[in-house]
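Common to both upcoming complexes is subunit A, partnered first by subunit B, then by subunit C.
And then the complex of A and B:
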């Protein structure tokens, strides 16, 4: 077994290696940067949501105060929906720059609103962010390779090899304890800024534990891969550069070739309705409603809302209840496509999760963004919450519209608010 | 000259013998060829699909039945962005921006359905784009092929022998550089062929020419870096570790650090937040659906005076259509002001990230490549602007139809009964006001000017490498 004194001796030795110390300092700086930029970005997102909430409430109150009927009230009032970054989001920004995390919706057809995206700057998304997850999933393997590929050969080149072998109790143990010391040192410099970040944002102990597990697991795996490929029995005559080239090939395979190849295959395999199709269908349905007999709209509407059967008589060519009914029908007509679209996203994600089993860096990244709640499923869950909220708006307004009661601002005060009560419902239905 | 050639040939023969280099080169070339093919097919497919959808949207608009003109304003229209010819090499921001926009009255919608939103999420770091392979992986391949080009000779003592035989350091370095460049060119070849093909598909040859030159510079820079480091190192292992470290920093770290820095230094408030300010402005303008809104009093009295009548009913035109035109114009001015601000914000954010091109040639080539290929943020903004122009044009044309071809009284009575509602319609032939849309990026010359700074960045790197090689030559130890 490797004893503590072995590790201590190696640590003392490493601290005198200028190259290693410099390397670790660089890794520390990178980790600090990734955590800082992640924390800054999540802070900015939280601030944005706060400001939006404030403006949203003022704007809605203002809009509602001018209305004198329920139909216009629903038409002119928007509602902010949002998904706050989790305390762990700073470490893995995941898909939050591509999938929207804020929407303003109103009671018109949801299919016409939900695809509007207030996404980040596309050029920055294209370049990618330097978050902690990127550091761990893509760069950490390269660090390990650079640090550990020449354990033996560097000693040989320094002329200490024979001396070391003679003084060591057992050769294998010597290299193992050296590799372990280096890995631990690397883990330390990478994780300290992360732990400070966690203190700042206040993530839960379970999340922190899981995150540490993923980081250490990935680090351990690459340490083993590096030691295995650098094993003298397999590569006694190899120069350190040759060993490293092999390791880089493995890295390339895992980080680039497998993900990119599978992505191409997945896109071929999973059929998805085109997004454009959904909004076109919805638009046709909503616009046709003006030209088709009222009865047709009512028939489709009553199929899902039979409770209003007795209240569909119309006194004019335009009535709000009819207007919102055909908005609902528009959604219903596009429902199948929209469902297929989300299903396809889900399916691609599921296949990707299987592919990730063959690519440790991808697996690491997926696990980290799943712990941070920034992965595709989280984004889809947010979209569902928006849909649920929109549905709750409908069930709030329909009685007011169909029962034809006197307009009162008092009645509007019970309007559902995003994030309240509905959050609990969403959780219990999961 | 013949000495240089000899050294170059020797290097190639050595690669062939040792298999490592030849494996790397073949792997690289196969990868890039595959990516060019897959990407070209994908882009071609997307191009046809979007062109088809564009035609479909246009004919569907024209086929709408007789309607109240304002209904067509809300029926709206779709525009699709067709990819530029060079996007088979450099897809750029294309998959991160939406590729279609819904155009309607009184609103500027965002582009919808970015490809990345429907992807497996596996391609956030790497992608199969030829540009990614050449910008990020080709340097790695050059490192693997060339890290030992000088150190090997030092370790074997052959460098000394060459020197004593009267071969100058300059000859050695030049010969080795040509050898490395040869490998780099092999990697670049599939891309060059694809560029020529893009030329064939309508890209100006000035653009493709500069595009190829940009990439040649990039390959040259990396070949020079690899050779210089090898010349300055005493041992192959040191040269290797140094070069891999450099590659990680320049190709992987700096671009992302640039993007994160830009996001942190200049956080953009996002469209949603800007929309509140827009709303505030718009409230002052009045609601264009409501002709009796006090905001239109001035317009009304002007019109009445102009036609010498007392009431809007006596006007020879439909006042509601006039109001719709008037308010759409005002509203669009406000929306455009805010849209411009937002685009400027995005651009200055991107420019912070692009400034990192002074720190890494990989960032420089990326900016250059995107802009010249017509897949940059600028081109996306152009798409947004053109879409907006089309939106304003057809909405106003419909409002004009509303003003001129629909009687005011008939219009006012439209909600009375099914008959009056039918009467308040105009003939479907009026829907031909919509002009057809086909998006093309900025003219080649404009893109080259936009990309100029980044071309200069590449030249700067070229200069740095020349100096570096000179230094390496002087310091090159045996």
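And then the complex of A and C:
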């Protein structure tokens, strides 16, 4: 229906409208800035991880060289865990700002270590940082509204309307080709910096394809909304300002009221322990353990690790195997809270994903951070990797601690490293 | 030769319970210059717009070249040229660019020299052709729009107050142009409140008052319609 020559005509026409060109340049600048800051931020995170990894190995070497028993070796060595940003993360920094993405963990009770940097209960943030996803989900609708709300009404107000529609081969074709040209121009200025960004970070073709689909889908939707509300049959006597304020009300509803309102309601309705509570519960359990009879600690420990039943006899008031046993028990006591916390987070996220079906900007933002691997599920998955890794540390150390063998540095060389196949080891222990 | 290029039969238009056109009927034949004369608010522009599909009649019907406005407006619009009462074009484009843009909307690509010769024909001063339209006077905009209408090479022209804003010598040139076009076979439906000007070029004049045709005047032979007679009838009602 709309031919290439229609688009060419409108593109030439549009390029001569100074305010439109200026406006597109502003959109381009914003897109460049969002992509640049996202790429810079993920680069900095990758650099940090690399730097810490180097330091981590050296520090651990150093700490281990000074030890002469397995208990203090475990006590004094730290292990870096991290979640590296995906090549697409720059486009939607999402939850990466709110959830911690790196930890230094020890063989001590783990739950407290995971949540101590995270004492506040993270909210489902939407109007967060200025990244590409924010540009697309929140600002793109405004751009479309600004460019297209007065598509017809401006011509009416300028007194050109009748001449235009009498002259055009088909009235619909005229407005559609104008709207399409503006939308395509907007897509171009928003997507070019993004495409340069993915070239730099090397995201996969599938991720790029999905992102483009989401961006173009959101753009298309707002183009349709704007054209519908500015429709001549509905608004022949309506001024551009009237149409614009109507559209802004729709934008406000979708972009602010629904996300912020649902966020408040969800946090009110879904009961969730806080990270701080988990840290406290676990810490108290560990501190109390010093005063609790050995037998009580062992009973709780053996309930989950019966394989060490025959190795619990103690020759002194302090033995490392008992120390790590009550660390483990501390985790067991916090397990319910920690589980509840994760359940609640997941539940809030599920409710939010349903609410998002009624708010295109929210849906767009969620889809983008899902493709970028920066959503809540990714954060929870990272936490789980930390737990699994910690479990693999335990299954590495427990035989050394319980079997009372001679200390040798050689035996420590098989220590699991985060990110290196700890998954199967973890399965066999926890 | 087709006799019924523009036909109104019992055409009525109502705006907010106010009857602007009240059962108007007339026919315009091929090669004819028909002028609808009337005072301000008589309903002239409304009548003209009824043929362009920008006003919807509440009764009766309108047709152009045998095509019904109600059902075949897209076809009609490709066969007519329209000069609006107050010509508004794009200020950020030059005169030539405006013409090029509107022509391409109609699916016409016109060579530059063809556009230039049309502008010469309507006597738009040459130094303005490639200047931004925002600096044009009303008359210059009018001439640009007339050039555009010519370039459409449409069999039927709808002109709403075509000489308003033109100076006397430009009016003479315009009248000349209309006469030539009609002799070449174009059908011209124009609307005016200028009795003298209409009498100079029209083959027939319909007098419109309060939405009703109250008089018809026809040229006899090659002599212009009697201005005095029309004027007498006109001022009786608008006096």
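Definition applied: the second predicted complex is superposed on the first by the 405 of 430 C-alpha atoms of A that agree within 3 Å, B and C clash if a C-alpha of one lies under 4 Å from a C-alpha of the other, contacts with A are read in each partner's own complex, and residues count from 1 in each chain.
As a working rule, a residue touches a chain if its C-beta (ideal position, glycine included) is under 8 Å from a C-beta of that chain, and two chains touch if they have at least 3 such contacts.
Remember, predicted model here, so these are calculated numbers, not experimental data.
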Superposition on subunit A - do subunit B and subunit C clash or fit: fit
Touching partner for A:59 - first (subunit B), second (subunit C), both, neither: first
Which of subunit B and subunit C A:259 touches, first, second, both or neither: first
Touched partner set for A:138, first subunit B, second subunit C, both or neither: first
Touched partner set for A:92, first subunit B, second subunit C, both or neither: neither
Which partner, subunit B or subunit C, touches more subunit A residues: B
Which of subunit B and subunit C A:73 touches, first, second, both or neither: neither
Superposition-derived minimum Cα distance between subunit C and subunit B (Å): 15
Contacting residues of subunit A [partner subunit B, same complex]: 30, 33-34, 36-37, 40-41, 44, 48, 51-52, 55-56, 59, 80, 95, 98-99, 102-104, 112, 115-131, 134, 137-139, 142, 145-146, 150, 153-154, 157, 239-242, 244-245, 248, 252, 255-257, 259-264, 266-267, 272, 274-276, 279-280, 283-284, 287, 290-291, 316-318, 341, 344-345, 348-349, 351-352, 355-356, 362, 365-366, 375-376
Touching residues (chain side subunit B, partner subunit A) in the complex: 20, 24, 31, 38, 49, 53, 57, 60, 65, 67, 71, 74-76, 78, 80, 92-93, 95-98, 100, 102, 109-114, 116-128, 137, 140, 144, 147-148, 235-237, 240-241, 244-245, 248, 252-253, 255-264, 267-273, 275-276, 279, 346, 349-350, 353, 366, 370, 376-377, 380, 414-418, 420-421
Subunit A residues within the subunit C interface of the complex: 5, 9, 13, 16-18, 158-160, 162-170, 174
Residue numbers on subunit C that touch subunit A, as the complex places them: 49, 52-54, 74, 77-78, 80, 82, 84, 86-90, 92-93, 97, 101-102, 104-107, 145, 152
